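See the structures that follow.
Consider the two complexes below, in which chain A is the common component and chain B and chain C are the respective partners.
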Partner chain A sequence: MRSTRSLKDIVFRWESFLIALLLVEVLVFGLINPRFLMPRVLFGSINNFMTISIVALFVTFVLVTGGIDIQSGAIVGLTSITIGILWNDLGMNLYLALVVGLFIGIICGALSGFFVAYTDVQPMVVTLGGSFLYSGIALLLTNFSSTEAYKGISGFPDEFTQFVRGRIFGVIPHQLIIFLVFVLIAYILLHKTKYGRYIFLCGVNRHAAEYCGVRTKLVVMSTYVLSGLGAAVAGILLTAYLGTAKTDLGKEITLPVITAVVLGGTSNLGGTGGVIGTALAAVVIGILRFGLSLANVNTQYLDIPVGVLLVLAVAIRFSAGNPTVQKIISKLRKRSANP
Partner chain B sequence: MRKHKSLPRATTSVIFLILMFLGVGLINTSFLKLSNILLSLNSGVVYTVVAMGIAFVIITGEIDVSVGATVGMAAAVCGSLVRDGQGTLGVLLALLVGISVGLFNGFGVTYLRIPSIIMTLGTNGIVRGMIYVYTEGKWVENLPVEFKSLSQKQFFGTFTWFYLLTLIGMVLIFLFMNKSRIGRYFKAVGDNPNGATLLGIPVKETKLTAFVLSGLFAGIGGIMYASRVGFITPIAGMGYEMKVIAACVLGGISLTGGVGSMVGATVGAAIMASLSRVLVFLGLPSDYDNTITGILLIIIVVFDSVFQKRSAERMRKQRLAAKIVHSESASEVSSHA
Partner chain C sequence: MKKLIIALMVLLLATTAVFAGGAQEAAQSDDVMVVFVPKLTGNAFFEAANDGAQAYAEKIGFTVRYDGSPEASVANQVTVIDNAINSGADAVVVSSVDATGLDDIMKEAMKAGVKAVTWDSDVSGDARTVMVSQGTPDILGKMLVDMLADSLTERGKNPATDPIKYVWHYSQATVADQNSWRVAGEAYIKDKYPNWINVNPSNYYSEQDAEKAITIGEAILMAYPDIDGIICNDSTALPGQAQAAQNLGMDENDVSITGFAPPNSMKNFARADVLARWGLWDCQIQGALGCYLGYYLASGNDIRVGDKIDVPDIGVVEVFPNTVLDANAYTADDSGVVLLPERAVFTTENMDNYDF
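Entry: the complex of A and B
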């Protein structure tokens, strides 16, 4: 089946639309401000949306099972402050502290995942509770620190911050490489392994998956663990990039993350979607924000175009399922097939 | 027939609220003073109003995460016009802001068939950005004293005018949703949209109305916010959406739709608002606020889910038993004949 995929199918894919959108963005912003096209600037823009992209990659897994995860922002902050306190106030080895941070992400994800998978509570409610709980714990932890909460803990060693801030040949930021590595990991996990197929099956039809011998509860729970782990990784990278550990680092990423996942073509009803789409959508949103701010648009206004883009893109996607629109599309396809 | 009808979830929430007050009262008796109880409730008046609005949407099985930005926008519009001496116009425009946001959401969800969480997520960003455009990023300050004192007007001790209005509104809506035909559409649509369609209920229009009401109530909440707080920052109302959804859930409104009541939304908001005062009286720093909200939310909801599963199982067994008895008696009748 795969080999017979025609050119037209590829053109009509959602990912192709996103790539086209990305090219248009680069072209338009390049025309407005030629500085935008300098490789150093263009690649450097990844710094602005790295956290959102990496979190979104793994939240995709959750949405594919038909769930939703709005706690990742809280986990980002919790990981960051934990590392800061372990390193700064308890004198732990920084790399050991990073491992503990990853464990925190796993535990937080597992806790929420457990409640989602093993009780009948809706994922949105559990992760809403999780977001309150984890951000609350992060705030409480700051009481153990000698530094004021709003200042954050800084003074991390250079090798830690430079690992994330550095650039290869002075052009390609390490963050871009790290992002691509995570895209690859997530892609292989979701699209090339048996485990990934199970995730899709759970999203399409939970009961069918159960009858096929898939341990659905475990699979669903594992997606939240992955998402928690992804948030922890993002928390570490953001801490290193900013050089500061703070509780509110992930405060405003929840909505952009969901935006990226959904814009990437993953349905919040489960069963469809993919990592590549999410990655592309995250870049589309990131470049849009970056380009507009280079074009002297006030950064505080940037939520408007992102919101419009989300609503428009999803409206197009969902109206494609509308019978009348489908008729028109099939007519157009026929016409192009036999001219 | 329905002997084992389980208590409505709002009752559990009311009991929880009372227990919370009594428990804290044991430790610090001044917590049980009427003035303190009323102060706790008053402090949550904006949450209560917004929660009642969003309850319509949640009961129809959708979600609205744009209410936070709507509260902020309505507050900014109302505040700036009141400051310029056009109070009535300000209030009317704030309500209009709420209604238009609701219409926009409702149109996208019902006619363009965009999932509500995504549609309202987009709207949230758009409206939040518009607050910055409208206020140019500045604070709306120097509201006239008469406007600010509206929120301070009191009856019976510290029972504010705003809370009284909210309670009257709650009772009216409760009656509307349970006693009138149109009011019952909301639950029917949330419980089973396909069934509702077959019964001839206008599903799309009902959902649209729910979104408009949610926006309208967020607009009213914004006006109250402006009056209570007295100044409006561009981030006013941020995070309210999560707080009021949590309030609805605490009050027993199910996010899958079809279950819950306005009383639940009000009680849930009261619990959320009282929590921060509880912390003060227990001598804990306000840092515990989020942690406790999170733990409470998870515990209440998980317990509720477990209990409901059990009671559903019990009901099923009862029905089965009744069926067996019924068929036995039927066979007896036939043997007599």
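Entry: the complex of A and C
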């Protein structure tokens, strides 16, 4: 047991590696294109990957239990179109509509979570079904709208859109502050509460957790509810940021979300991981894409470096903990010491 | 672990440097940089438009950066345009996936001094300076009818006096553009060819479903064995209708089929003499014209409604008010529509000059 954290522990934590990576990115991209370092530009880029980051925070909970959630993109779209229709076509108060949107996220998460926790169907299959179901419902809902499905519902009041689009001192986007608040909430929930311990325990060994008196089914289900809620929040933010409510908002975020969680150090086998790692990884990926784009790399090729980063980083991370690899490394080290 | 981390860092740094280094050269010159944004990358229509834009820009002497995401989505397009603003582009030329979703980012671009142009698919009128449109309903409706009349004449009919039986076959009753072409085409027929007979004034719809287009196509030919012409103003309906005629052993001498579709989707039917001619606008010129207008604005020129702009190699284009496309559109002096000077009619003689 570690009672006190030595400096070495902190330096060699995965999160420290991600921070170093972030600094390297800022340095390299700043050298390539000095515009990158302008605070307005650098902070402004954050607006474009906040949806992924916020969803990833809560999908981390699901992966820690050993599950996976690929329905969050569909929930983002469903939340968005529901809010749009309630507000635009049914004349509901916008803020009430936002609350309904959050409830939709909770219900969607609970439904899939129930099937994952109380049946033995694989989480991948359940949430794949969920993604079809929820995006299908979102398309169905557009029939209640006077706006055609291919057009978004727009014209939201300024106070709603500006709350998300605004910047403090004209530099720091509100979305960044909102993100940091959610990081704090997720961090406390997963790392500082008994409930968070239960989530880890379910991921390490569900049977053992069950024998310890943890109601594992409820805990597993609750992680999907949280991830659905996170997706609904992201749906609201994206609707406000784009100023349009559409069924297909968020459809492209599913795999980037999983990427951020896994790069953040959460094992897709469950049991290990953390919110801070996910948050850092989401920013590392976002800044990488933005920086390369400013360096004139075409958007359609940006998946290549992200793919390389993910596979390499995770491969090294896992092999570093592998005893055979460790033996080889120490052998190499000895050889280089005594030539 | 320490060595591994250092190794990983170096590797990442190297990858980034290689990626960025290769791309950096393009941005060195003082050229005007136009960012050309498709709805999505990897689609034949948009790639062809990009080819046209690149070749044209090279000739005129400005840089076109083609930037889009493989997935058509509003959020992706917003990111691409935002990055264009941040990287100091001079103009963005966008085919929007959403009628209103890009309005705010386009306005932001204009505020930041980046010129905003749309092509193929528009945003709101106040969110861009000019739109390069494939044509007004009147132009495209007339073009469809004229193509049919030409095919009929070619096989010995006289469109001016014979009681020509014809019908429309396209996607569905709810799409705005195709219906507006039909309405304009019908008005043109009533005016010029009052002797023509529409055998089914409520039209045939195949809902952009390739299989359904064939089924509906066969149904039309069996229900009216003596039909003279079928107008398919939809790029799925046209190949489906041609396939139907081929399945029933008919060719261009039995029935005249025409409509709008990219040349590549119809070349085999034309070679088999199933149809004589069909049309579309040249998306390569559309891409080139859009980028040129971006460059034109970024070079310090103003575009106002009523202006005539001389576009090298393409011709003189006039800036019309937004109402030419939609009677309810936003009108302002500094927001207009430019129509492609010409659309292309494809036949076996010229179709191999087009690759899209």
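One rule holds in what follows: the second predicted complex is superposed on the first by the 324 of 339 C-alpha atoms of A that agree within 3 Å, B and C clash if a C-alpha of one lies under 4 Å from a C-alpha of the other, contacts with A are read in each partner's own complex, and residues count from 1 in each chain.
By our rule, contacts are C-beta pairs under 8 Å (C-beta built on N, C-alpha and C of every residue); 3 or more make two chains touch, one makes a residue touch a chain.
Because the structure is predicted, anything quoted here is derived from the model rather than measured.
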Touching partner for A:V308 - first (chain B), second (chain C), both, neither: both
Touched partner set for A:I258, first chain B, second chain C, both or neither: first
Touched partner set for A:F115, first chain B, second chain C, both or neither: first
Partner chain(s) touched by A:N298 [first = chain B, second = chain C, both, neither]: both
Touching partner for A:L269 - first (chain B), second (chain C), both, neither: first
Which of chain B and chain C A:A20 touches, first, second, both or neither: second
First (chain B), second (chain C), both or neither touched by A:G152: second
Doubly contacted chain A residues - partners chain C and chain B: 298, 300-301, 304, 308
Chain A residues touching chain C - in the complex, by the definition given at the top: 12, 17, 20-21, 24-25, 28-29, 32-33, 35, 41, 44-45, 47-48, 51, 148, 150-152, 154, 161, 165, 238, 242-244, 246, 248-252, 288, 290-301, 304-305, 308-309, 312-313, 316, 320, 329
Interfacial residue positions of chain B with respect to chain A in the complex: 63, 65, 108, 112-115, 117-119, 121-130, 132-133, 137, 234, 242, 245-246, 249, 254-256, 285, 287-295, 297-298, 301-302, 305-306, 308-309
Chain A residues touching chain B - in the complex, by the definition given at the top: 68, 70, 115, 119-122, 124-126, 128-137, 139-140, 142-143, 255, 258-259, 262, 267-269, 298, 300-304, 306-308, 310-311, 314-315, 318-319, 321-322
Residues of chain C that touch chain A when the two form their complex: 1-5, 7-9, 11-13, 15-17, 19-20, 23-24, 26-27, 41-42, 65-71, 73-76, 78-80, 82-83, 86-88, 98-101, 103-104, 174
